[in-house]
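Would you mind keeping the following structure in view while I ask a few things?
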Amino acid sequence: MTIWIRNAWYMAGWASELDGDGLLSRTILGQPLVLYRCEDGQIAVLEDRCCHRAAPLSRGRREGDQLRCMYHGLKFAADGACVEIPGQQTIPPAMRVRSFPAVEQQTLVWVWMGQAALADPAQIPSWPYLTDPSWRNLEGYIHYQADYRLIVDNLLDFSHLAYVHENSIGNASQATEKAQLERIPLGLRVTKLAPNEPPAPHFRKFGGFTGNVDRWNLYDWHVAGNVMLMDGGAEAVGKGGHQGPRETAVQFRHMTALTPETETTTHYFFAQSHNFAIDNPQVTRQVHETVANAFLEDKAMIEAQQRNIARDPTAPMQAISHDAALFHIRQRISAQIESETGAKRAAE
Amino acid sequence: MTIWIRNAWYMAGWASELDGDGLLSRTILGQPLVLYRCEDGQIAVLEDRCCHRAAPLSRGRREGDQLRCMYHGLKFAADGACVEIPGQQTIPPAMRVRSFPAVEQQTLVWVWMGQAALADPAQIPSWPYLTDPSWRNLEGYIHYQADYRLIVDNLLDFSHLAYVHENSIGNASQATEKAQLERIPLGLRVTKLAPNEPPAPHFRKFGGFTGNVDRWNLYDWHVAGNVMLMDGGAEAVGKGGHQGPRETAVQFRHMTALTPETETTTHYFFAQSHNFAIDNPQVTRQVHETVANAFLEDKAMIEAQQRNIARDPTAPMQAISHDAALFHIRQRISAQIESETGAKRAAE
Amino acid sequence: MTIWIRNAWYMAGWASELDGDGLLSRTILGQPLVLYRCEDGQIAVLEDRCCHRAAPLSRGRREGDQLRCMYHGLKFAADGACVEIPGQQTIPPAMRVRSFPAVEQQTLVWVWMGQAALADPAQIPSWPYLTDPSWRNLEGYIHYQADYRLIVDNLLDFSHLAYVHENSIGNASQATEKAQLERIPLGLRVTKLAPNEPPAPHFRKFGGFTGNVDRWNLYDWHVAGNVMLMDGGAEAVGKGGHQGPRETAVQFRHMTALTPETETTTHYFFAQSHNFAIDNPQVTRQVHETVANAFLEDKAMIEAQQRNIARDPTAPMQAISHDAALFHIRQRISAQIESETGAKRAAE
């Protein structure tokens, strides 16, 4: 029984990880992959396992756009076809490794782990703030010892901000305010408005607010690929809140992409973009570290939660009203997995 | 198939571990627990798993006698009832965590892991030497990578003293002398007398004996909770041995309590009390370290034994005559487990 | 389902590991063993598990040719019979540990893990270069995190030399040249001749060749015990190659013995003997380190291969023509295991 949607674009890494001639080894949905950038810029993604004797191709050698296994010397093209077997003239058609569709877009590398025929690059979420010259961000990554769904839960819940993040990005009112949820085809649109509240520490820090603020978090949660794209910010009370004109607002654009590594580990990619003080790299670093540190607070809690669940996976969990968004997304994930598995069964 | 008696008081820790506002996280019989001391001194013991999303409550925050989960903010009373759900008015009755009866007595904290209705504090072993002003001890703890029953075996056998402890607390005669065993309701009364033998190193050290001594180890082994309470000592030959008047004797009162953590790990609590040189903390430390070091000798052997057993759990063990006490207690443990399991089955 | 031939002599260690009174603890075919040398030079090999309570005998004490368990003091003769039980007069016949036939020969210790009645020391491979005064070697050992069969594969394939060892003992031509294979009763005779090629780095280093060389690797692979005995070398072109007179040749005699420790770990013993500069210990060390470093290149690749296989043990492997030798030996191993298992079943 799988816990993963396969027909989805998952973030495989930052494009910068593929600079130069390097080979990047990364496991996604339990599948070890080797990634590299071809001379025309295309990203090649191959199974990180030679079809001959299972040696990892990430220990191999780039020869132009081809990749030679450095155990017995078999050479593979970027599409996975074997193009050379030392000491042998004929190459049987079965002699190939699986390749995976991949796309580089806006500093991100995306890979498609499902049926290649269904891979449509148009479905990849666009996030222009990563390349827009009026915004800045660093490239964030956290390795998680947890089932990706526990992190999905976390990102679909705002009440935890008041507790997990009480000393960083949270404040007390968030425990009780409800988010507005709207089901959209790709997932869930979440609107959480916190009017007229004292600014959280990072808003005080970056906005210099002395009085209360209107705070907003508006985001779309993408079921496929576990991507969150958020418009978040705060503005002094009485200036129109998120509806603008946001003249003295502190604004962020946030992207998180959760890519399952194994059933109990997850790649957590994120970027927190800001449009103020963009020529001050120190501010960019501070903005980044503020959320990175908050995510480490989540990580400590979620990994502890994972250990408790692993100890007794069948113990019941009691729902509360704040769980609405996470339940909805859990159902959408399950339905999608069901449909993929059923379709596969039907095709067999 | 369980290997643990549930209806028993197990030592959960030293009372000193619960000083102040602290939360103590400890796993007992495979169950993660969080312990804290309420304002009236009562010890609260709760399942260390929030009933909402399985976050550990030991990462929570004390609010008076109540404990708030710092993931989503649910708050629990010391009896496990949920008393607050952020953003929600009604609290369903199922919204609670399990609590466990606990008692603090004579510097020790005891917890009852079985049916709460059967928890009778009168059954907790009393050991006045821990608080009696004419005795002194330190608070001992060792974490063991072994099934608790292997440590029970060890404590119910004296022949190993001659081998495992040949250079510390043992001597050669102990290999062949038999202990006298008396079955008593709570377990086994063991009487081991070693008349007229050269003093073991620690008796020489603390008693200054120049000639032979009469040595004794008199103890009750409690099946429930794996508790050993011992009167041990040595006296110069011809002075009446353990029967007194013990005027120049070196005497100890020893307590060991073995609390299973998981099926293959154990909490080993112990105290070696002495009534000589009680105003000299250095002597108290030496007395403590003498036994602590001997226990580390046991630990090395028993953990090696555990690894051998884990490798081939079904390999037979050949009994010898020294095994009488350990077999008896193993049977008592099994019978008690059987009776608990049977009663549970009958009740269902 | 076993993956090991049992009726075979396996190299258990270097004789030097048993110098003095020491006890050597080593696991072979999943069986923990304790080895020691008796006063008459005979090697005793016993199960490293006391038959009483499973304590490891390797934590015991030598008493002449006997071994006392230092948990409860049982004493065993070199044949595994218990000869003393403290506090008990009668010794039941079941009170014994298994012993294993063992032979010391030419600096090596061999142990027989199968039916004792079939143990014939005449089947132990002889390798006089280890003791011949005109040859020198160091005693090599590598601990492998891999199924021994993956290392067998590696040693039966020369094509990998060009890739894994491109910077050490390999060179490019080896990728395409085929070895000559001859099936012999004990396994496989491999002849690999590389006439008229540039000398590999280590031949240049030790032979001072300036022009091309004829290179040879002639070896017998022993299915039982996974032993490789090789005559390898290089001679300047035009001097008769391996057929002699080898007057200016650089020659090695190489022994490798692979002894499975567990299903996924292996003891890798090896010796690279040389007959030049034998009075210069630094040369002996360089010769040794050249192959030892090459073996570490193999180890890195094979352990990575093992991890890939462990992740998905049923994934197919596509054969290439260089695999002939390894397939042949895999079949011989399987046939031998089959025959042992069948014989055992028939006997029951």
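By written order: A, B and C. Residues from 1 in each chain.
The rule we apply is simple: contacts are C-beta pairs under 8 Å (C-beta built on N, C-alpha and C of every residue); 3 or more make two chains touch, one makes a residue touch a chain.
What you see is a predicted model; the values in this text were computed from it and never measured.
K.L.:
Mind checking chain A against chain C and telling me if their interface is mostly the same residue numbers on each side, over half, or mostly different?
P.N.:
different
K.L.:
Angle of the rotation mapping chain A onto its copy chain B, from a C-alpha fit, rounded to a multiple of 5 degrees, please.
P.N.:
120
K.L.:
What is the distance, in whole Å, between the centres of chain A and chain C, each centre taken as the mean of its C-alpha atoms?
P.N.:
Spacing between the chain centres: roughly 48 Å.
K.L.:
Quick one: which residues in chain C touch 2 or more of the other chains?
P.N.:
Residues of chain C touching two or more partner chains: there are none.
K.L.:
For the complex, which residues does chain B have touching chain A?
P.N.:
Residues in contact with chain A: 30, 32, 48-49, 51-56, 59, 68-74, 85-88, 92, 94-95.
K.L.:
Name, in rising order, each residue of chain B that touches chain C in their complex.
P.N.:
Of all residues in chain B, those touching chain C are 153, 157, 159-160, 162-164, 166, 175-178, 300-301, 304-305, 308-309, 311-312, 315-322.
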